[in-house]
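Right, I'll just put the structure down here and ask away after.
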Amino acid sequence: MKQKTKVAVLGATGFTGEKLVEILIDHPAVELTYLSSHSFDSVNYASIFPKLQKKIDIVCHKLNIDDAIAGSDFFFLALPHTVSMQVAPKLIAAGKKVIDLSADYRLHDTKVYEKFYHAQHLDPQNLPKAIYGLPELFGPKIKQADLVANPGCYASSIILALAPLAKQNIAGSHCIIDAKSSISGAGKKLSPNKHYMHVNNNLWAYKPFLHQHLPEIDQTLNSLTSQQLSFTFVPHVVGVESGIYSTIYLKINSKITQKQIAESYQQYAKENPFIRYLKPLPQLKDVVGTNFCDIGFSLETESNNLVVVSCIDNLIKGAAGMAVQNMNIMADLPQTEGLI
Amino acid sequence: MKQKTKVAVLGATGFTGEKLVEILIDHPAVELTYLSSHSFDSVNYASIFPKLQKKIDIVCHKLNIDDAIAGSDFFFLALPHTVSMQVAPKLIAAGKKVIDLSADYRLHDTKVYEKFYHAQHLDPQNLPKAIYGLPELFGPKIKQADLVANPGCYASSIILALAPLAKQNIAGSHCIIDAKSSISGAGKKLSPNKHYMHVNNNLWAYKPFLHQHLPEIDQTLNSLTSQQLSFTFVPHVVGVESGIYSTIYLKINSKITQKQIAESYQQYAKENPFIRYLKPLPQLKDVVGTNFCDIGFSLETESNNLVVVSCIDNLIKGAAGMAVQNMNIMADLPQTEGLI
Amino acid sequence: MKQKTKVAVLGATGFTGEKLVEILIDHPAVELTYLSSHSFDSVNYASIFPKLQKKIDIVCHKLNIDDAIAGSDFFFLALPHTVSMQVAPKLIAAGKKVIDLSADYRLHDTKVYEKFYHAQHLDPQNLPKAIYGLPELFGPKIKQADLVANPGCYASSIILALAPLAKQNIAGSHCIIDAKSSISGAGKKLSPNKHYMHVNNNLWAYKPFLHQHLPEIDQTLNSLTSQQLSFTFVPHVVGVESGIYSTIYLKINSKITQKQIAESYQQYAKENPFIRYLKPLPQLKDVVGTNFCDIGFSLETESNNLVVVSCIDNLIKGAAGMAVQNMNIMADLPQTEGLI
Amino acid sequence: MKQKTKVAVLGATGFTGEKLVEILIDHPAVELTYLSSHSFDSVNYASIFPKLQKKIDIVCHKLNIDDAIAGSDFFFLALPHTVSMQVAPKLIAAGKKVIDLSADYRLHDTKVYEKFYHAQHLDPQNLPKAIYGLPELFGPKIKQADLVANPGCYASSIILALAPLAKQNIAGSHCIIDAKSSISGAGKKLSPNKHYMHVNNNLWAYKPFLHQHLPEIDQTLNSLTSQQLSFTFVPHVVGVESGIYSTIYLKINSKITQKQIAESYQQYAKENPFIRYLKPLPQLKDVVGTNFCDIGFSLETESNNLVVVSCIDNLIKGAAGMAVQNMNIMADLPQTEGLI
């Protein structure tokens, strides 16, 4: 029997860290060896999350990097932006495999990072090693990687929706992306706009044109085509508990038929275990609690206006599930291990 | 003291009818004289809606048109499409004022009506008399009207958002409209996709390019400009209790500045008591329970990409409140009477 | 025309203060003259609550007691416990009418106050002047009062449910009270258990036997009867936006019939404009947004087990609406003014 | 390797059937061989529930009992009351194992069944064979059974909460049970009170003293003690998506200490993998999506008033999960197989 991978989750008590732990507990090829938290030190993890009682028995520590390194081979960094790039270099230097769920290693260009994250990049040396962790696009590179930059939640839903069309069918288009997300994407840190009384039954747009996931969408999709794609991206928060639903509008630039687009998505879904192509259009609830990305489209043939819709669970396919999918690939396991 | 207007609500037990009754109970210039329902006959209205006990004491009947005409001067038709146009002619023939909340009198062209509503138009004679009931645009005509076609809920939120720009600033543009609505807009009739377990925490797009409110948006906004506006409209249902939130994307066709757009909206809000211009962007909850339409925008100056956001309570400014605002105008009352 | 009452709301930006302002804006006999806030100084109130734009134009200040006294005759204290009793003495000394929505003046016995609120009482001199502000029980005393202690939200729902039975029908009983409340009752102050992700779809019991509203329930209901009533009170938070729903279980101590109890409630509802007696049992949504208390009951005749159910909007009949009802009585207005 | 059990789910498209299928798909010792539905015939199951695409590939049929029997060894009946007892006899006659999730085989006394379910019992012959499927109480009998009557959802949460105290600590008590449930317990059949607009943010009590789960609570708990327990049971629907939260009030009849009760629950949790004892009190969200029953209590020592709180996911531990736990026992698998 194959030995289990020894896995550490740093930042294990945020929403993403919690979801990682939940998935990894049930993962047949993983042994959870180290959990760290900024807020809890030497506390039984299940006493912080009573829902995990009888499912996990492990203590959560303030991060001690030497202890973490000593006992684990594989690291998930569910840390805030700017913190990951202070921790990752030590792990890489120690020969560990790292999947960073922050934005620190997603953008090739440190200037773009600094513009969108308002912080200097502290680890430009390791940046070129980082592979953007979207298995549907970069599986072979991820397999070889020591450092994977797990995509942003909005970015995942959007890139996955457009990728199969990017090379040919939509080359050169302007894509208008209207995305709707659960507030869980904004994390646990308290703020008035996360109060139940504010979120419930509410809906609002924010950061129009300026959301920090825009540059990774741009970087990734434009790496697939020579004819520049451009983007308008407006995220919204809606009073639902989980998920991101992205509606993407574009004019296709040629005589591409409904049938051709359908075939692209069918082929895409066939090749990728977590992509589902749904007719006519998906609904959010079907992906909640799963690592699937559901995609559908509608074409107005007389006008060449195309609408592509995708949805994911923002904490799973948009974060923790995608990260475990990346780990599976890096650890030479089936992509779906522990995820379906 | 001015005599109260004698008002009938036909279709008083649907969501819109119920909201009409709630508003009219508190309206200082109205006497509710007749309520009809398809589902209840000779039943005390407050026994159907216990929340109205001690607020209203009136019996609800199956519609008897002669009784209705005998006791009322002003009629709100909260009836299904195709039913309104069977009732309205009799009321108009009897010299009554009519506000129809169905779609039957909204579209000038019966062919378009037939295409989108899958039914033959039964009252083409009265159609030319019908005024589209958007007071912010057509106040003077509404004042003279005997028959007002109250706008669709999506249409209200979208037309109100774009109207002040339509003449000049966005002339010739293609407008992409991503609208999010409460399920209440779909009415009370039971169906699996209105079950709590389906709607709660869910979100889905439907009828892309084909929603029946599209032709009235097109007809109305293009009546304001000679340079044809075109539209992509994709409505969504979201698991919130009330409201419509429309996010509208367009490229402006000239060197219009942020300042000019802001001034258009400021002026618009100044002239119209139910329009509020908010910086930066509105949120749904601020309009729930009110007759306001909140509007905001964001311009990406380097690209001329404009996002306009508007929100309304779909049952109030999107239906019953708008109808009462129309009644106020027709009855020579202040627009805001009984509504603020 | 009668002159409007000049009203100040101290603590105007908490949930209760906000609701008070919303009600008072529409109150025909009130002029809002002063708003204070701990968090905002010299800020236009409608810029804090954009939903009130075009409805109110008044500046909110850090409390300056002299300014407040100079311009207002009537004071609502929507202040935290222990703060009210520092402010109220000055207002009373200045001859103002005061309605305190905190707990500071509710309990006759300062020792009980200190036990349940973990703070010394700072104004024992004014305590005997304070009238418990439950108009359905103490209307005549409220009319004469200068200082009214507005009841707690749970207490309102429970006392109103049992009061008509307390004198005779349930004398000597042990009452088991299972109450369910919206999180809004816990206020705006941020805490992890108010995060949307914690509250939505959740439900939990808290403070069994020990909730601080218990002593005012005990004090008030036992003032109506010589045969001691006793109580078990367990409050719960449920993931709904508004309201308190109290289910009260007791064994009736004599051969009281279903009919007698029904008659008690019918009579009670007849005498009190905000009490509604519903058959068989009320539902929460019917009272949301209103000042009504809906009450129903069910008696198992063979066992003499009685269940009484009551519900209110916790921020209206459980706080702001009740306070305005008290103000109406103190100002010699109809109880229902500005509230129905 | 052990052969997989061939399992049929009859009534596979209701909420309970759907949840059964979801659990069984992932169950390592199960092969799903037959799915029937009243509403769908010869339809791919994943096309009815798109969320299961790529997880299941099986056709759902109108029930053909011979086909069902031919291919399956183990039957879950997720059928309406009165339908199960028409199907079960044939399955038992064919030597199959049956777990009935309806109420048809729960009550020993057909008169009680007829009183609470308003229907004549059609299979009194098999009734004595039926074992009440609560593994925490009746594991050894379930192991031997051919026919298991899976408990009602409310009954599960309540019996599990009181069982460890029933023999001694609460003998002779009157138990007041205030239970709060998601509307999912009421099934998929459309009705106005399941419309999203009715349920969301609502809460109501129903069937006080008369709910049909009362007799199985009574029958089961009183089978554990000679000193008659009596019950008042009032269920409520609350606007949450999943779960039942039961708050149970009783006076303990002797000098039992807090410590003794705590020890009872600790021991109980130690012996039963799906029972968790939480201090101080559990919250609903911790059990949603799991087969756990979380239990907590609080004792007011001076009065001997005890509150016991339990919560479960009504569709899992309250239905489908419990049924699979029963199957595991009947099939000689670990209780937790496929469930943790």
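All chains are identified by letter, namely A, B, C and D, in their written order; residue positions are counted from 1 within each chain.
Quick note on the criterion: a contact is a pair of C-beta atoms (placed from the backbone, for glycine too) under 8 Å apart; a residue touches a chain by one contact, two chains touch by 3 or more.
Being a predicted model, the structure only gives us computed values, none of them experimental.
A.B. asks: Going by the stated contact rule, which chains contact chain A and chain B alike?
C.D. replies: C, D
A.B. asks: Quick check: more C-beta contact pairs at B-C or at B-D?
C.D. replies: Here the pair linked by more C-beta pairs in contact is B-D.
A.B. asks: So, what's the distance in Å between the C-alpha centres of chain D and chain C?
C.D. replies: Taking the mean C-alpha position of each chain, the two centres sit 40 Å apart.
A.B. asks: How many angstrom lie between the CA centroids of chain B and chain D, rounded to a whole number?
C.D. replies: So the centre of chain B lies 47 Å away from the centre of chain D.
A.B. asks: Hey, how far is the Cα centre of chain B from the one of chain C, in Å?
C.D. replies: Their C-alpha centroids are separated by 37 Å.
A.B. asks: Mind pulling the residue numbers of chain C that touch at least two other chains?
C.D. replies: As it turns out, chain C has residues touching two or more other chains at 198, 201, 239, 241, 282-283, 285.
A.B. asks: Along chain D, where are the residues that touch chain C in the complex?
C.D. replies: Touching chain C from chain D are residues 176, 178, 180, 198, 201-206, 208-209, 230, 232, 234, 236, 238-243, 245, 247, 249, 280-285, 288, 298, 300, 303, 305, 307, 309, 311.
A.B. asks: With touch defined as at the start, can you tell me which chain A residues reach chain C in the complex?
C.D. replies: Where chain A meets chain C, its residues are 15, 183-184, 188, 190-192, 194-201, 239, 241.
A.B. asks: Which stretch or stretches of chain C touch chain B in the complex?
C.D. replies: 50-51, 53-55, 201, 273, 276, 278, 282-283, 285-287, 289-290, 292, 294, 340
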